[in-house]
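Below: a set of structures, written as structure tokens.
Here chain A shows up in two complexes: once beside chain B, once beside chain C.
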Partner chain A sequence: MIRFLRQQAWVLGLLALLVVLFIATKIIQPNYGASDFTALMRAVLPYAFAVAAQAIVVIGGGIDLSIASMMAVTSVTAAVMMNGASEEFALVVIPFVLLLGFAMGALNGILIVVTRVPDIVVTLAMLFVYQGLALLILGSPGGAAAVWLKTMIAGTVPIPGVPDWITMWIPNALVLLVVLLAAVWIPLKRSHIGLSIYAIGSSELAAFRSGVPVARTKIIAYGIGGLFAAMGGLALTISTGIGAPIPGPYLLASVAAVVLGGVVLGGGRGGLVGPIIAVFILRLLRTDLTLLSVDPNATTIIEGTIMVVVVMLGAFLTMRGRSS
Partner chain B sequence: MAKNYGAVAALKNASLSVLPGEVHALMGANGAGKSTLVKILTGAIRHDRGTILVRGKAHEVRSPGDARKAGLLPVYQEPSLIPDLDVLSNLKLTRTPIEAFRSWVKELGVPELDLRETARDIPLAIQRVLDLARALAVEPDVLLLDEMTAALPADLAERVLGVVKRQGQAGRSVIFISHRFVEIAAVCNRATVLRDGETVGVVDIEAGVEERIVELMLGAKIEKARAAQRKANEATSVPVDAGTRIEVKNLRVGTKLQDVSFELKNGEVAGVVALEGQGQDELFAALAGSTKPSGGTIEVDGKAVKFSHPVDAVRAGIAYVPGDRSEALAMKQSVRENIALPFSASVRNWGPINKKRESETVNNAIQRLQIDTRAQREVQRLSGGNQQKVTIARWIAADARTILCFDPTRGIDVGTKQEIYKLLRQLADQGKSVLYYTSELDEVQLVCDRAIVIFGGKVVDVMPADIADEPALTRAAYGLPRDATANVGVLAGAGEAQP
Partner chain C sequence: MSAVVSTPATAPLGQRAKRFMSDYPTVPLLVLLALLLVALHILQPGIINQRWAAQTMQFAIPLALLAGCQTITMLTGGIDMSAGTVASVTAYVLGSQALHHDPAVAVLIAMVPALLVGIVNGIGVGVFRVHPLIMTLGTGLIAFGCLQVYQRTVIATGFQVPDWLRWLGTGQTWGLPNSLVAFVPIAAIIIFTLRSTGFGRLLYALGDNERAARLAGVRYWQVILALYVISSLLAGLTGLLFLGLIKTASLTLVDPQLLPSVAAAVIGGTSIFGGRGGYVGTIIGAVILRVITTMLTLMQIPEGARMIIFGAIILAVTAIYLKIIEDR
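Moving on to the complex of A and B:
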């Protein structure tokens, strides 16, 4: 138990910070209610997938700058395919788009492994390639999304026997996020390939010597990153009802939340829960600052400052914990 | 086996044959090709020519995974546990049977191991033992141990040697790489000796065989060394006793450097001779201020000093010249800028650089060194030898009183080597002192006044240059008596487990 607490200290700390932020929100805006939370959740959804995508790549010792562009490609592809098509056709669109995301991510990985060009350069180049691709598919925001998909992330979950005042705080979007992430992450974490991703991130040489196929593992890590990015792209299309060829600020947000979430840039350490909580913190913080009607320019300064302080504080506490 | 790196042949014609149930030593001087051969056998690098046969069947070993399948399992010098994973995950990663691992850990004498501990938090020595236990747990046909006992405390080392010996008795094979004759005598049956990338002999381990092994390792160099010695005796001058510049007392650094004491006099070039990994890196790092010692004292001009940063060493007039030039030079800057850097970079000289003084000093240094090039050229375009001259020149320009040279002539042509020797001798004649680590033993008599031999983290011998020929240095570096005739034979007890 004590070991569990120590290992998860960072995540628990973030959770506490999130609770504090919720309380602060309630104080700033006494009528902040379930519907506001549902709205926040829907806004968080694409960010959360972007963060998951970045987290898995960073754990494997890499970085992917093309995540937002991959989200744009998958978003417009889904919107164009579903435009004017039947409701059932969406059942074909979703697996296709997820596969497309995996393929784009894996292509990044293959280029890095084969050309030996640094990951940051390869994925920066691919950022532009995928962005161009998204604009070729759909020149301006448009397309459509199946209605049943749109209703899926709206509203809350009715659970029989549980009173409304509880279920109204469980938005569909949150359930969807948790289910999808868990469906990929939990089997991965328990598999040999998941272990291998942590291994190559921690020490590529030691992993190679332990018989880990380094190149293949790296490609798969990027591929799974692409898969999460595709989920993010789908979430974008579904929540807005149209495809967006120009990606939002998901790239920098993903790196920020990954770092704040306790994943070490350089690889090998961290998980998925921390970054996801971190993305909630960053979004809620922005909401609070907006509610306080802080100048939007000052908002970014405050966000950046809080990130640096939290990460530094965390590093300081970890070091003290190690030496004692 | 043959392996080339570009034009350099790391292995030319190496053969190794290990019998079932045999503990086989692989020996050779630095650069003989031992580590290349091990890397090939374990799939870390690909060979150019040659075959690997396991039980008479040819095997393609393209990756560490292939080597595992062929039954070849290495334990490297640096632990290969994944630092951020716990022990259990590390075992799962290599699909190691956990129960077998546990029993080996117990057998190797590690008390209370928590499988949930993160590898990074485990002491290095224990990590190495866990590495060994992990390899033993899959019952490999051939176990490759590269300097397994280095950096292990004595009790653990003893356990390890016991286990290695029993592996042989149980009919499994071990390839055992070690610089310590005592260990080889205790556990090995035969030894293969490499020299310059070729197998030069296979000997049975028996009393008195260490002389034969040293001879094989050196080859024709024994005669050459004698000739060089006669020449060197004329070149080296005995330094005038001008007081002690640096005195090192009972210095300990990390796990490698155990207890080293010596003094460096003004006007002296003292050679440091050691096999790889005997603590010389740590010694130089401590003197250059980049590592903090864990015990002992360093005195400069009779005053105890504590360096917490290389700047402190530079202020005390101690300059470090690394073997790897790229560590010391700004490769894309000009020769002039590189030479000017240390003396204009001191804290007091913030602000504009005094161009006149700079060019005087730099020109002076360049002239003295005969760097045959214009000073405006980028350093990376110079030959290795000229680059090394620039590294030394900058410290002359900065007026350092002591120069620490760590294998400075590695990969440099003969002519330039001679110039560097001459330069260092000139510096000594001016009263400066030089500490000179070299992996090429014949250099000792060409530049040094004395040789300090380090083995197992301790000074085992100090000899004046006139007797420090290659055979004597080699024997001393392996922890043997320096004189062949005085050798009472550490292998007398061969066959008995006496680590």
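Moving on to the complex of A and C:
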């Protein structure tokens, strides 16, 4: 038990911080209730998926700058395909978009492996390519989302036998997030591939010499990153009802949350739980700033500053760790 | 560039051609520019005249300046993603301050945000060792937030593009754009600094082998701090010129130029990994990009496809340069 606690100290610390923030929110705004919590969860969804996408790539020793653009591409693709189509057609759209996300991520990985250009340069170039693609698919915000998808992330889960005052704190969006992340992450982490991703993240050379197929593992890591990005893009389309071809501020947010969540930039360490808690912390901070009636534009400044400071501290700690 | 791809790697001639190209990167660039001009002439006969040339130069000059930020930071293995936002901020602040102050005072006020962003970038990259790309993206975001807040406070006071800036940005004398008056000295200073001063050599040394440079006694953070401040100030100047060229109040005036600026530096032969490149190539790269833009506009290629093409160019050129370096 103590060993478990020590191993998970960082994550538990983040969890404690999250609880403190919730209490602070309640103090700032005593009326903060279940419906606000549900709204928060819906707002968190795209961010959480972006962070998951970044986390898996960073664990594998890379970084993907094109995540926000991939989200834009998947978002507009879904919105355009669902526009005017029947409700059932969405059942075709979702697998297609997820596959598209995986393909885009895997393409990043393939380009990195084939050209041997560093990930940061390849994904920077692909950031622009995907952003252009999104603009080609949809010039301005538009399209539509199926109604049943929209209702899926709205409201709360009714569980028979559990009183209302508990279920109203379990929004559909949260359940969806946990289920989707777990469905990809848990099998992956227990599989050979998951281990290989951690291995190439800690030391590509050592992994190669131990017989890990480095190129294939890297492509898969980027592919799964793309898959999560596609989920984020879908979440974006579903929660707003339209597709947005201009990428949101997800890149910096994802890097900041990954660093705050205990995943070391450079790879090989960390998990998915920490970054997800971190993204909740960052979003809740924004809510608090809004509740304190800070100018929304000033909120952008504060948020940006927090993210930059987090990344700076993360880099500083990595540097200290390396020199000691 | 196309010559590199087509030469067979086995022949000694190909080897020599490669070496020649990495030693004199401006020669193949000029050849490429000439080829593009021929292609443009075939596409639309008669388009290449003195007026078109002046206009192309007018737009290429701010692009080349912004690409200068990327060039000098890339020499150390960095990049300046905040340059576009800094330029927009400077332009907006100048436009709103020009009503109340002397030109010189207004320019000084407008350059303050650029200076601050440069200092923060330099500290983040030099002291805390954050990756330059992430650091500058972050400061760009913060600067944009500040600009939005600032916009609220000045919305009542009005926005004006001063006449001297219009003259500098848009005016032409004897068929040559007036912005050359600003550009030629700046470019000369950059080229001279990179080629013949200690600071320039430090940049190349850091980009080539940071560890060796440190062991040789280079104070990393001081060089990087100075570098990013210079880059930001250069971005600020670009913003001023661009305001004179476009003459509108916009919060994202120069932002669309960021991707072309990275592309111009990369095409110009500056290695994104550091230690290799120069500003002459970047200037030619900027002109090449403007010619390509003209061609894309003529062919009525939409904005999205243009971004895809530019992104692909960055990736392809980087991969080719990497190949050349590895083969040596």
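Heads up, the rule we're going with is that the second predicted complex is superposed on the first by the 294 of 324 C-alpha atoms of A that agree within 3 Å, B and C clash if a C-alpha of one lies under 4 Å from a C-alpha of the other, contacts with A are read in each partner's own complex, and residues count from 1 in each chain.
We take it that a residue touches a chain if its C-beta (ideal position, glycine included) is under 8 Å from a C-beta of that chain, and two chains touch if they have at least 3 such contacts.
Nothing here was measured: the structure is a model prediction, and the numbers come from that model.
A count of residues in chain A touched by chain B and by chain C gives the higher number to C. In the superposed model, A:152 lies in contact with neither chain B nor chain C. When the two complexes are overlaid on their common chain A, residue A:298 makes contact with chain C while staying clear of chain B.
Contacts of A:268 after superposition on the shared chain: chain B is touched, whereas chain C is not.
When both complexes are overlaid on chain A, the residue A:18 reaches neither chain B nor chain C.
In the superposition on chain A, A:208 contacts chain B only, with no contact to chain C.
Residue contacts after overlaying the shared chain place A:198 against chain B, while chain C stays out of touching range. In the three-chain superposition model, chain A touches chain B and chain C at no common residue.
Across the interface of their complex, chain A is touched by residues 120, 124, 128-131, 133-135, 137-139, 141-142, 144-146, 148-149, 152, 259, 262, 272-273, 302-312, 314-315, 318-319, 322 of chain C. The part of chain A that touches chain B in the complex is made up of residues 3, 192, 195-196, 198-199, 201-203, 205-213, 268-269. Residue ranges of chain B in contact with chain A, taken from their complex: 42, 44, 63-65, 68, 74, 76, 79-85, 89-90, 92-94, 116. Remark: chain A residues 65, 111, 115-118, 120-122, 124-129, 131-137, 139, 249, 251-252, 255, 265, 295, 297-301, 303-305, 307-308, 311-313, 315-316, 319 touch chain C in the complex.
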